[in-house]
Amino acid sequence: MRFVDEYRDASQARALAAKIAGLCEPGREYKFMEVCGGHTHTIYKHGLEDYLPESITLVHGPGCPVCVIPMGRIDDAIHIARQPGVLMTSFGDMMRVPGSDGNFFDSNAEGTNIRMVYSPLDSLKIARQNPDQQVVFMAIGFETTAPSTAMTVLRAAKEGIENFSVFCNHITIIPAIKAILDSPDLRLDGFIGPGHVSTVIGCRPYEFIARDYGKPIVVAGFEPLDILQSIYMLMVQLHDGRSEVENQYSRVVPWEGNLTALRAIAETMELRPYFEWRGLGFISHSALQVRSKYARFDAELQYNVPGVRVADPKACQCGEVLKGVLKPWECKVFGTACTPETPIGTCMVSPEGACAAYYNFGRFTRTRVREASIS
Amino acid sequence: MRFVDEYRDASQARALAAKIAGLCEPGREYKFMEVCGGHTHTIYKHGLEDYLPESITLVHGPGCPVCVIPMGRIDDAIHIARQPGVLMTSFGDMMRVPGSDGNFFDSNAEGTNIRMVYSPLDSLKIARQNPDQQVVFMAIGFETTAPSTAMTVLRAAKEGIENFSVFCNHITIIPAIKAILDSPDLRLDGFIGPGHVSTVIGCRPYEFIARDYGKPIVVAGFEPLDILQSIYMLMVQLHDGRSEVENQYSRVVPWEGNLTALRAIAETMELRPYFEWRGLGFISHSALQVRSKYARFDAELQYNVPGVRVADPKACQCGEVLKGVLKPWECKVFGTACTPETPIGTCMVSPEGACAAYYNFGRFTRTRVREASIS
Amino acid sequence: MCLGIPGEVIEILSDRPDLARVDVSGVKRAINIGLLDEGEVKPGDWVLIHVGFALSKIDEDEARAAMEFLEGIGKAYEDEIAALRESQIL
Amino acid sequence: MCLGIPGEVIEILSDRPDLARVDVSGVKRAINIGLLDEGEVKPGDWVLIHVGFALSKIDEDEARAAMEFLEGIGKAYEDEIAALRESQIL
Amino acid sequence: MTMSTREQEVLDRIERVRKRRPKVKEERITLAHGSGGKATQTLIEAVFLDAFSNPMLDRLEDAAELSVNETRLALTTDSFVVSPLFFPGGNIGDLAVNGTVNDLAVSGAKPLYLTAGFILEEGFPVADLIRIVASMKAAADAAGVSIVTGDTKVVQRGKADGCYINTAGVGVVRCPGRLGAATVQPGDAVLVSGSIGDHGVTVMLARGELDIEADLVSDTAPVHDLVATLLAATPGVRAMRDATRGGVATILNEVAKAADVAVVVDEDKVPVGTEVRGASELLGIDPLYVACEGRIVVFVAGAEAETALDALRSHPLGREAALIGRVKADPPGLVLLNTTFGGTRICDLLVGDPLPRIC
Amino acid sequence: MTMSTREQEVLDRIERVRKRRPKVKEERITLAHGSGGKATQTLIEAVFLDAFSNPMLDRLEDAAELSVNETRLALTTDSFVVSPLFFPGGNIGDLAVNGTVNDLAVSGAKPLYLTAGFILEEGFPVADLIRIVASMKAAADAAGVSIVTGDTKVVQRGKADGCYINTAGVGVVRCPGRLGAATVQPGDAVLVSGSIGDHGVTVMLARGELDIEADLVSDTAPVHDLVATLLAATPGVRAMRDATRGGVATILNEVAKAADVAVVVDEDKVPVGTEVRGASELLGIDPLYVACEGRIVVFVAGAEAETALDALRSHPLGREAALIGRVKADPPGLVLLNTTFGGTRICDLLVGDPLPRIC
């Protein structure tokens, strides 16, 4: 596959790895956070850590939009889905995220009709095909996904579709990064910047990281060579004593982002005063809601959602994992009480969650890796 | 079972048969019509003809309410059942009656929801349990059944049930008997009168038969001894040269009928100016419709039924069979093209239809019967 | 269609005097007795049941009288046959 | 969640200019190109697809330049390793 | 008499038509196709036999008899879709085991191994599944069989009705090639092993829609031991069937057709329980067509009728066994019933079962 | 390093937990229980094995191996609930025959006899049924098996999805007691007989909901002859499985667990068709977990890897066969993947299948 396979070449990886190793100062430990869950997924799925010297640690950040949805919002969604005549649509990743009384699959087993869709537009198609149902799209995601929801709302308005609404859970990446940077228990040497969010917001919004916090950040693509190259670029900046915003993913990410997409978001959505992030607590201006102009597409207004705040399970240490304070396996319930089949925290649900990625792909040590290559 | 088993005694049957044989005048043929399909069913189910001398022939009359429903009414019922949100209820006998494009089972296979009920009251229960559905009861039957429909309508009115209505196909027995008596191609020596209709209308309405047409009639019960005794009573009347209304079924049928039941019918229904009977054509004042006072329970008003008259299939000789002009097996399609699994005419559908009863139970000759008794 | 079954009244439902529990050969069901006169039936009475309604109360005197007639002719016939057989044997 | 897949534009749908048919490794689907500027993409262009929308057009020049860098260091590394091996053999 | 001759001609023509290969005339499947009656048989003959025809299948016995190496095996399958899943006297689990055990047993095989295929509806309570599975285990133990392989599928809500179970069974044939409906001959006696219709009526009433109460339990039971007792005592057994869907009358018709004989039954000899009789009268159905799940119909050489009856009655499951009829040569392919009243009538296949989904 | 030791301790504890008998924690059945992944295995072990346990069942092979008299038989069953019923390259009918033929074949048996149990939804077009049955017949002929017994049930509209089919199959075992996942050893080679995932992706796209077009057909095929060719050439075959629900990755995990070995696979050696790759990327699924219906995974003694590969490739169904990995001793019970990129990762069971009802 073009633009995919080229970036999985093992010999180039070895070359980059050698260069990275060459840049390591003896005795120094390096910690880089990949903000985006997509990167976490790539890292474990391709075994990328095998190329890194032991002195470099990758810290998995809060950039998995599934992982940061608080339990209360799942409960609210199920509450909406339980209303008579409601057909809810959702991305597949959401289906297993636990609310306080089960996930969407459990809820379906009890009688709701929550269907997976590939695109928000599919929800519109379903709405057209089921005029006697109220179709509610469970919208989640960062700025990457918000434009698609926005375009779907605009299309629904244009077509005058009356049985469609959005339960809006879109969030924004910058406040989360800022919360991480402000957290006292964390020491990071730099950031692997979220590639696909940046196709929309561009690279400028990260400038405060370099400027105010003195940390380098490299916006990275999602193939393993992309990430390895980004780490190399971070190491070069550290070596040079620079802290800048760089764009490894320039084939896809324009420096200025996507203005059409930003306009679509701005037309249909506005910032919420605050929003709860799982494990991170309330973060102000960190999420989007449907603008009052499009109130008739706002499921939160149409349905009287309980909006109860549900405390995370006691055992759950997702907050620490999302902030990069703990490695997944350091959580006390990791892999025993908390597994992909019985997740306690959300990081164990999405394939982009740090715990799930580590459990599914990374659950054995590098020493054993070396021994486990076939003849 | 009390009031059942006593009337199936073979030795008493032999005694009655001997008495009946004794009353036969040599060389004379006797033809009695059992008006009611229930009698036809009993006659074949118990092999009653085995007791009769060859000179006595039983002619099967029009008293199977399923058999006389014209095709157009089935089509109308299916039309109603196809309306969105309609759940139709019907007695089991109706499910196989062919309309011009299949029966109720076929219609269900195409997507309608027509359910069998034991009692009209069950339709009310279903209406209460399915408030989002419009429950339409396909009402059929003579005066035996009309009071139950009437009571159901009255109960629905009392409880204020809004999602219930009746597609009324109730018919009355007297005009049908009169039509038979007036038909030129028929010679009958007397009538076995319909027992259960008579619990409601009593015995007086038959007086015109004895008085105006000079034919004896004996109202009969439904066990085989009841019928055999009625035939005996008819033979005695003929022997005595009398033509009277007699009541063999006095344990169940009061001479005056059931006034409460008649009042319930009169309260909720009124005579139609005319109604089509399958095979018999239009007969005036022969059917009931819902009174305008209860119009909100009248499915014929609620739904715009096509009301198209559908000609009976060319091959169908049900009319002749219903009038007793032909024996079932004399119909050209009997048992070959027309069978219970692929009925052409309605007489092949209901277990009380003459053709079905003959096909299911009587389809071999008396000569063979004699040989077929087990050691 | 005009199927009618005799059943024995077991009880009149106290909360719904238009309903009675009847027994048909060991099987029980509540049926509507609203087509009979009030107080016409009591436990132990037999009724004719049609599509969930009692259509009439069974008149046991009439039944007995009719049965006696049938039994009478049955008995007479059997006697006659027996006599006939005997006469043939001899 | 932020899964993005590169796909090649095959055609812009004539009746719906906001839709394009794309090819992803032999598999075809109509996607929405309403987030790109009008006329920005034409058949033969590559786009990044996310939840049924094209999020950006892939810049082939940028891709080529980056790839040349990667290939460059890859080549240099292989040469070095080869040289190392040879030196050991001798 | 001329009349009678004409009638006889008509009836003979009808019998000829009846013997023609049937055709499915409906465009769509209706419930009648699953009833066990005429529509089911038409579907089987016109669709399944037409395509799959082979000597083992064509016999249409309860189990196919096959050879693997030198060993004669019996193989059978049934799917169970009973509603409700739990009913007085049993549940779909023991039904699924007993049903397949019985099909093997009545084919003269010793049941050995079962497969179990589950189709579960999303949302089905796990606790109910555990109860069902426990009943299957108990039934398998009682029948001395092992469930050795299985499969589970889950379908979306609204694409099943809680739980459907298929079982297939393998047994070893005791008397190869000897038993079978086609071997039934005039003069044979017809027996049933107990009162009929209890299962079907119990399930029907368990649905609760009819508001009928009765002190009835299903007769579901494994008949392998009853059959073993019978076969040991009675060499003249010709054929056996368990009287499930379609009831005793359907079995008799199948045998009459397969052996081209008349089966003549005395109505008053057929054991029917009081409540089954009452419920049947109320509902206007005939117990002869109502399913049992632990009763067998036996065809045995006439001379051994009493031996067979004694053997059946010596077993707890056969205490109420009865000799209900005889096989005659004429009229071939028909079942006749001598009524209690003293008349005689035909007892044909039903078009559709009045009680759907009782197994 | 201390860190590494602590991590290793945690991971070892996890492996111990993973080896405990699983429990079904859900109160209700969800689609995941039918996916072939972890939830299915938990249900099987905690509910079915717990109740039915016997040596034949406990092996959890594709078919149970049994003895009747002196004959060693294989017995298997599967229900088919694929949606849609017709898809490019096949339909539920040939799927139902091939699936059971293949379970017998990979168990080392010669498939002989099949049962067929149909559950039909009221309203199902008879013409569709006839097409399905014709496909079953053609598939049975191709596989040299006979369908010898069957059953048909009809359920009300809304209680099924057109047509479900169960097949059970009997075969005679060629090499009694020799094959089985438990016999797999370190040093063995792992092969697949062709490109993977075609069936699952084809069915998924045939639903039409995703509006994705691709030039794909199902790989459904009977593998009995391929297996016979392989076994004739390669005495060192240890175990075979057909990679259906759950795909190749699920098979590898089942074997790793049963034999308590590590299975190490080279990602770039696994044959995946271009379109399957494309559709998988678009949908975010991994072809390793996508069902095939005519592909087998073979475990063979390391020394015979090339012989086995040649044998597979000599057969039309094995042209694209590939050696994809090796068995190691450590880490026991796990499947590892050497990625194209040069890294190594775990390849675990999925919790639920991303593609429901593909078989």
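Going by the order they are written in, the chains are A, B, C, D, E and F; count residues from 1 in each one.
Note that in this section a contact is a pair of C-beta atoms (placed from the backbone, for glycine too) under 8 Å apart; a residue touches a chain by one contact, two chains touch by 3 or more.
What you see is a predicted model; the values in this text were computed from it and never measured.
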| item | value |
| --- | --- |
| Contact-richer chain pair (by C-beta pairs counted) among D-F and B-E | B-E |
| Centroid-based (C-alpha) most distant chain relative to chain D | C |
| Interchain centroid distance [CA atoms averaged], chain B/chain D, Å | 78 |
| Distance from the mean Cα position of chain B to that of chain A, given in whole angstrom | 72 |
| Between chain C and chain D, centroid-to-centroid distance (C-alpha), Å | 89 |
| Mean-CA-position distance for chain F and chain B (Å) | 60 |
| Residues of chain D engaged with two or more neighbouring chains | 3, 24-25 |
| Where chain E touches two or more other chains at once, by residue number | 26, 28-32, 122-123, 210, 277-278, 281, 284 |
| Per-residue overlap in chain B, given as positions that touch at least 2 other chains | 1, 4, 9, 14, 108-110, 118, 122, 225 |
| Inter-chain touch pairs (all) | A-D, A-E, A-F, B-C, B-E, B-F, C-E, D-F, E-F |
| Of chain A, residues touching chain F in the complex | 1, 4, 8-10, 13-14, 44-51, 54, 92, 96, 105-106, 108-110, 118, 122, 224-225, 327, 329-330, 334-336, 340-342, 351, 359-369, 371-375 |
| In the complex with chain D, residue positions of chain A that touch it | 1-4, 6, 9, 11-12, 14-16, 18-19, 36-38, 63-66, 91, 93, 118-122, 140-142, 144-145, 147-148, 151, 194-197, 199-200, 222, 225, 229, 248, 250-254, 258, 260-261, 264, 350, 352 |
| Residues of chain D touching chain F in the complex | 3, 5, 23-30, 49 |
| Chain D contact footprint on chain F (complex, rising order) | 210-215, 274-275, 277-279, 281-282, 284 |
| Parts of chain E lying in touch with chain A, wherever the complex brings them together | 122-123, 157 |
